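Two complexes come next, and they have one chain in common, chain A, joined by chain B in the first and chain C in the second.
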Partner chain A sequence: MRTASYKAGMPFPDLGIVPRSYARAERLDAAANAAGVPGPRSRGPVLSTDAPPALQWLSDLYVHVFRRREAEAIDVIYAKFDELLRQSDCADCDEVLANLDVNRLNITATLAVLSITRLDRARLANWRRFAEMAQRKICREAPDRAAALLAGLLPLDS
Partner chain B sequence: MVARTGTWPEPAFGLPVAVLIGRSSRETLHLGLAYVLPGKPVRHLHLAWHERLVEDWSLAGRWAIPAALPERLALVAGRCRLIAANHAAGLPVRYGIAWSGVAFDDAGRFAPPGGNFGRTCATFVLDVFRLEGCELILAESWPRRNREEQQLVAIAEAIGPPIVAETMRREFAAGAARIMAHEVFGACLANTVPVPFELAAHLGTSATADL
Partner chain C sequence: MEASPQYPANYPRPPIVEAIVQFGFGQRVTRKRLEDGLRTPLRRSYPGPHKSQHHVEVNARVEPESVSASATRRLKVTFLGSANGLRLVGLADNVLSIHALAPYPGWDNLIANACDVVKATVAALGPVPLASIALRYIDRIALPGNPAELARYLRLQLGGGEELGAIADFSMQFRRVTAPNRDVTTLVVAATPPGADGMPAIAIDLVAATSQFQPCGLGDTDSWLPIASRLHHLQRSTFESIITDEMRGLFE
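== the complex of A and B ==
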């Protein structure tokens, strides 16, 4: 168990978990917005400030996942990975796979990453590592459905 | 995971994606996809004919959601959005019978594999699900049917362009099987996928008898 204090408007600590204080901060933000109170608001989970610029979009992705905007999260994943996969050497795409935090993705977003990258996995040195982490996450979070969720998306043996 | 179905248009439709079927002429049924983005009206995507991948759907008929996990259906809807957004940047989607691999790249642009000329309305739907690792049918169980093949060639000859009928004849001669719209719709009604021909055809025929 880990815990930390959280203050609205501050960057979210990179713990890979979401403390209850964040939900409280969101409620306070909503109340402040409704009352027209000026001032900083919570920004949700963000990357640490030393993240490379090419990876800043992951912050948007984590926010979509956190706020349960499933379709928006899928669209960000598909659009950004498509952009990266069209580059000839796939180095940026591989960097994203190396930096993606599966603990900040939900199951659907994790499957979306597998799905959009699996046809190019031979060109992606970090794909197998990501796939193994994804498999562990899904087996842990949905043990009864893991096989069905991963069917057709996870050819680790090929 | 259970298949669901109903009558289209469905005003309260709120699921990520569904397969639609309607009668486009006295002889033919047509297959397409409906998908949603939260807070937006339902969108459609279907291969209407040669080089006509379109987003409007005006046919009354039925909808079905295959027996797939909700997470997988959400990905299929995402793939619909990607194809709708990007296909215009690539080649026009041609109409063809032979179905192997997938005919769309990661970005949703038309990129048929070797030996494939294009897609039908039915195999387009199969492709979108296949892109998300979801096989709806056991394609190797589909039979050759001379009457249905000749019927489709006759339609292609009537409405053109000539290259479509010419390609169909060549693909049928090479052994391609026609996968019909109602058969794919039937696969969406089965308790598990992928579905063999006999079951898909039986379920599809029953479900579309009144269309």
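== the complex of A and C ==
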């Protein structure tokens, strides 16, 4: 008698870490199987880089900053944060702060985010962390002007 | 301190689908114990629906007169999710992982999330010895052209056979151990099905990991943070070494 054991699942190697995005691929495969969609399954990982529609504007913002389209970047920041802060629940705005990469913003865009969110900081659990990262970035990139730029926005305990 | 990179510090549109920081424990800590200990303290940051991944094992019994098979399904990982589901904490037997899904929030946010989760874990479970640290980045990159000319985008190539036609499918895997830290890099590059736009696409799955370091606990952030930074530098420099400038242009 011979007994063999096989691990079922993605044909991709198990690298010892369980990524969430591969689970998505498995769900897509399961859905396709259930719907009787013909074609190969799990030829490779089915992955999506598309940001959720609600956060697509973040990618646009980073591109505006990268291409030095400062006015467009500021417009996006004020329009989107204004929209998010009008919601009674600040959870969406707080999640944006948790996902916002200060290293992909320039100083002007960073100050814009700080200034528009500062009044609501008590409702934003991630504001303080964003502010600390913003402060480090500005002190690093503009050490001579940092105090003036951050006046009125920081210190954090005010 | 990380060496000065010879590549862009960041991209406006990185192709990262998922980034993971993972801690392996040097003593037995069950998934259930992690879940029981972390569910409440992480509820504010990770209030989203909890998801699970199961491990499916199929056993086939081959005998002279018959073949029979049975399958078992057991819970492998529980994910605690943020409100929008883009930040996750993975809880498994002896493993704690912190995940960021696209859009990539940047290294500073990812490692800050990891530090927050570690702090909560140490408060809930006490000092847990660390056995391994790993970073994993999974990228999906849609390539212009159909079929895409891989050589324009990837430095890794398997030459020959061009006369037989365009590449329909491929996968490559590399593993490297670097001295003196014994950091292990595992790289998988593979074709992945096209997206809704029909463009051919590839996945790049890169893990930088180590289990060779001075004994330290999960709470010894001063000990493991420099190791995580070193692995991040290793991951970035490895990724940059396998792509071309034309590929970099896709992320801008």
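Please note the rule applied: the second predicted complex is superposed on the first by the 106 of 158 C-alpha atoms of A that agree within 3 Å, B and C clash if a C-alpha of one lies under 4 Å from a C-alpha of the other, contacts with A are read in each partner's own complex, and residues count from 1 in each chain.
In the analysis below, a residue touches a chain if its C-beta (ideal position, glycine included) is under 8 Å from a C-beta of that chain, and two chains touch if they have at least 3 such contacts.
Note that the structure is a prediction, hence the values are computed from the model and not measured.
In the superposition on chain A, A:131 makes contact with neither chain B nor chain C.
Of the two partner chains placed by the overlay, only chain B lies in contact with A:107; chain C stays clear of it. In the superposed model, A:66 makes contact with chain C only, not with chain B.
Of the two partner chains placed by superposition, only chain C is touched by A:55; chain B is not. When both complexes are overlaid on chain A, the residue A:85 reaches chain B alone and has no touch with chain C. In the superposition on chain A, A:74 makes contact with chain B only, not with chain C. Which of chain B and chain C touches more residues of chain A: that partner is C. When the two complexes are overlaid on their common chain A, residue A:152 makes contact with chain B while staying clear of chain C. Chain contact summary for the complex, chain A toward chain C: residues 1-9, 12-13, 15-23, 43-52, 54-55, 58-59, 62-63, 65-67, 91-92, 94-95, 98-104, 125, 129, 133. If you check the complex, the residues on chain A that touch chain B are 69-71, 74-75, 77-79, 81-82, 85-86, 107-108, 111-112, 115-116, 118-120, 145, 148-149, 151-153.
Against chain A, the residues of chain C that register as touching in their complex are 9-13, 15-18, 20, 22, 44-45, 51, 53, 55-63, 71, 76-77, 79, 82-84, 86-88, 90, 92, 97, 99-109, 112-113, 134, 136, 138-142, 169, 171, 173, 186, 188, 190-193, 195, 203, 205, 207, 209, 252. Those residues of chain B that touch chain A in the complex are listed here as 1, 16, 36-38, 69, 71-72, 74-75, 77-79, 81-82, 86, 106-108, 131-135.
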